[in-house]
Amino acid sequence: MARTRRRARFTGYWLMLPSALWLALFFLVPFYSLIAMSLYDPEGSSLTGYDMTWHFANYVDVVQAYWRPLLRSFWYAALATLGCLLLGYVLAYAIAFKAGRWKNLMLVLVIAPFFTSFLIRTLSWKLILADDGWIVNTLQAVGILGPDGRLLATSFAVVMGLTYNFLPFMVLPLFASLDKIDHRLIEAAGDLYASPARGFFKVTLPLSMPGVVAGTLLTFIPAAGDYINSELLGSPNQRMIGNVIQNLFTNQGDYAAAGALSMTLMIIITIGVVLYIRRAGTEDLV
Amino acid sequence: MSPLQKVGRWIGEHLVLALGLLVLIYMFVPIAIVALMSFNDPSSRNVYKFDGFTLHNWLNPCEPSGMCASVVRSVEIGLLATLVATILGTLAAFALVRHRFAGRGPLNTLIILPMAAPEIVLGSSMLALFVSAGFGGKLGFVTIFIAHVTFCLSFVIITVRARLSGLDDNLEQAAMDLYATENQTFWRVTFPLVFPGILGAALLSFSLSFDDFIITNLNAGQTVTFPMYVWGVAQRGIPMQVNVIGTAMFVIAVTIVLGSEITRRRRAKAAA
Amino acid sequence: MSLVADHDSTTQDPTSAGRDLELRAVTKSYGAFTAVRSLDLVVPQGSFFALLGPSGCGKTTTLRMVAGLDTPTAGTISLGDREITYDKPYKRPVNTVFQNYALFPHLDISENVAFGLKRRGVKETKKAVAEMLALVELESQGSKKPYQLSGGQQQRVALARALINNPEVLLLDEPLGALDLKLRRGMQIELKRIQTEVGLTFVHVTHDQEEAMTMADTVAVMNAGVIEQMGAPSELYDNPATTFVANFLGQSNLLAGDILGPDGDVVKVSVQGTTVSIPIERCHSEGGKGWVGVRPEKVMIAEVGGEIDAPGNRFEGGVVTDVSFVGVSTQYLVRMPWGQELMVFEQNTGRRPILAVGTPVDLSWRPEYAFLLDASQDAKAGVEDGDD
């Protein structure tokens, strides 16, 4: 490709250097700092400073203390990912195969919610799901919710918020892999399999698996670490691990525990992602 | 085909599109509420519902104390972080697409990782660095800026790299064939063609930076960005002007994007 | 007479004598793979030269080395007495029409055409651009963007963009490959007209033998990195020197034979017991075994015992195994007693009915149309597997 142009041998290094340095200094080194912080002696405080004592017990302590929000985070993230997958697949499928000349416009609309603030959009749900809002009133009237039933401060609200906020991350990779599928394959499936449903499950779905894998990862990972939805739409009963970490850092100043908890989250996610990708058999996600 | 099958097929043809549109509507309901509330005349600060129509919020957007200052701060940080991330990221993208060098594999991983880690972990690790480097008490504009450049950088590299590797090699060769030196080829052909990608990366960077809360909140110290302002007032009662800012942002961004899409369509039409 | 703008340029006056393009022992290797093998080639100034070969034969690599987009591993390239082997592309008076045109999408048609002049510091390009667009009949399209033009129009813009620089050599890399058949035929005539009009050296790379033969004064048939044969199109077709050329340019029947030796100005060859004569200037084999080649349309066919208007010996015992009627002619496949199937194309003059499958027939041909090739060559070389 570039073989025709004789370039100085080191130009590539010079061009890469600033970014590589930046990422090393502000991504790799911080990671090292976080690992170190997670092993601080918990006796210290953010005011008096910490001693580095290779205190691995921090991990045991935080898991014992916070296993509920930790589990809840993964549970909520999984539910939200499932919700995103169902809604996102329908939307991505409609855009890829049914939108015709509106394809580009619909794609723009998928990203458009990003143009207003994440926080403001989430606050908007607070209004929609409010106790005296028409949704709650309607649900109460038809008896789905009891007279004092509410949506806000429930797991439903938090999962719904997560689903809402991370939906575009699911739609875009799904669309990308659906859009690549040759239309003739689907028509051929229509010939070979009697029902469109079987054609879908035998042809379209398997071919869109790379998008499913990428989309679920792009949804699950940020959802597991999010605390905005649980804070704004939930109650302390819906506390997720992000709330705990944020709180340990800024309110309690317990850096050792915060660091250990942050690392725990990262470790579990990394292991989960590796196992998931192995199982899904797709290595080339990005 | 039996009539039943026909009906089934018709539904199949249109049902998916209809469901897809419903999902889109779901995505836009909160934004519609934001726009609506920007015209709200609230009866009390604590009740968050539509009480009456007014233009007051739009005419006095800076009434709530500290809000406009936080918007200005977010814009400042956003512009600065975007500038730095775009320049560094563009150089790196050129290196990755146009040059062969050792360590590309690990570098590619290094670029993807910041996008793959949850924000809370990324934010924690930055804070860990700043604390251990003795900046724990000096968190603020600079630390936010550093954090924002870090997470924008990966997005810029990936975006520009995609544009650059999609560029037809023949165009640069044609330029050289037509008496353009290496420099002229770069500035007359390569750069103008990659520029839309760079611009897209910059817009993405700015919106990521402007909207970031989780990482910022950990590394902000006493500095208040717009998302942090919103977070703060969310507990006490939100001034309706927040919705004005949200709506304005949305309208501006949609105008830019739809504008370019319409131009593109018009061109395509003229070509047909 | 030149319609090309006579601006000041770094190129020499193209009418000065001895500005031939000359490649000497040019080799290009990529690691273990040799794309071009010690190529010697002289393209006379002002000629329309075609490099013809299947994909992967090294013709595009050769072109790119002349353009300066690739550097030879060994050998020299010169224009007249100036060596340009290692000159940068922008330093040589050579321009290229790229296969996919490579028009700059961000510039309009006029800007595309003016690009080369501007880079060489020509300030006033309007007139030259207008003249050039007139030459390719796109006067009214100057302010459009490339994507607004059809494939044929884009092709002509690419041509104008190269020609405006008044290069000494214009390289065309499969310039018509992306056009549909009808447009391609039209553009072939157009290109030939423009070349005659501007009088520049054109080097045209193509895999389409018909295209090469229609347009070029000289055709070089290239295969596996070497030039197999070079000459005027009719010469190559009538008297191919290798089995590759015999098969790649049109079709040939190749019959195994034992060379008996020269006899006056012919060489006698025994083919399956029948002795045939081949003019000595059409023999490309020294002795021993050889391939006797004859073009299908030169083979004459008659029912057993029927009259054949040829002085040569007859091959008897053939049976028609396939008949394709293609309007102007009929194409027969005839199985010979030794098992080989020969192709016979016969004009549909209406002199006698078309022969049916299974008809026993005799074949013959005029000796002056046969050629003799080296038996060490693969009889299937250059046979196109499927038309493109």
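For clarity, chains are labelled A, B and C in written order, and residue numbers in each chain start from 1.
What we mean here is this: a contact is a pair of C-beta atoms (placed from the backbone, for glycine too) under 8 Å apart; a residue touches a chain by one contact, two chains touch by 3 or more.
Protein identities per chain, from UniProt: A, B = ABC transporter permease; C = ABC transporter ATP-binding protein.
In this text the structure is predicted, and so the values were computed from the model without any measurement.
Q: More C-beta pairs touching across which pair, B-C or A-B?
A: Between A-B and B-C, contacts are more numerous in A-B.
Q: If you average the C-alpha positions per chain, which one ends up nearest the average over all of them?
A: Central chain: B.
Q: How many angstrom between the C-alpha centroids of chain C and chain A (ABC transporter permease)?
A: About 60 Å separates the centre of chain A (ABC transporter permease) from that of chain C.
Q: Counting in whole Å, what is the centre-to-centre distance of chain B (ABC transporter permease) and chain C, each centre being its mean C-alpha position?
A: Chain B (ABC transporter permease) and chain C have C-alpha centres separated by 55 Å.
Q: Indicate the whole-number Å distance between the mean C-alpha point of chain A (ABC transporter permease) and the mean C-alpha point of chain B (ABC transporter permease).
A: Taking the average C-alpha coordinate of chain A (ABC transporter permease) and of chain B (ABC transporter permease), the gap between them is 16 Å.
Q: Would you pick out the residues of chain A (ABC transporter permease) that each touch at least 2 other chains?
A: Where chain A (ABC transporter permease) meets two or more other chains at a single residue, that happens at 4.
Q: What residues in chain C touch two or more of the other chains?
A: Counting only residues that touch two or more other chains, chain C contributes 69.
Q: Got the chain B (ABC transporter permease) residues that touch at least 2 other chains?
A: Within chain B (ABC transporter permease), the residues that touch at least two other chains are 173.
Q: Which residues of chain A (ABC transporter permease) touch chain B (ABC transporter permease) in the complex?
A: Of all residues in chain A (ABC transporter permease), those touching chain B (ABC transporter permease) are 1-2, 4-5, 7, 11-16, 18-20, 22-24, 26-31, 33-34, 36-37, 46, 87-88, 90-91, 93-95, 97-99, 104-106, 108-128, 130, 132-133, 164, 167-168, 196, 217, 221-222, 224-228, 232, 241-242, 245-246, 249-250, 255, 258-259, 262-263, 265-266, 269, 273, 286.
Q: What does chain B (ABC transporter permease) use to touch chain C in their complex?
A: Interface residues on the chain B (ABC transporter permease) side: 168, 170-171, 173-181, 184, 188-189, 192-193, 267, 270-271.
Q: Note which residues of chain B (ABC transporter permease) are touching chain A (ABC transporter permease) in the complex, please.
A: Residues 9, 12-13, 16-17, 19-21, 23-24, 26-31, 33-34, 37, 48-49, 88-89, 91-92, 94-96, 98-101, 107, 110-114, 116-122, 124-129, 131-132, 136, 146-147, 149-150, 153-154, 157-158, 169, 173, 182, 207, 210-211, 213-214, 217-218, 226-227, 230-231, 234, 238, 242-243, 245-247, 249-250, 252-254, 257-258, 261, 264-265 of chain B (ABC transporter permease) touch chain A (ABC transporter permease) in their complex.
Q: Can you list the residues on chain C that touch chain B (ABC transporter permease) in the complex?
A: 67-69, 88-90, 94-96, 98-100, 102-106, 115-116, 119-120, 145, 147-148, 161-162, 165
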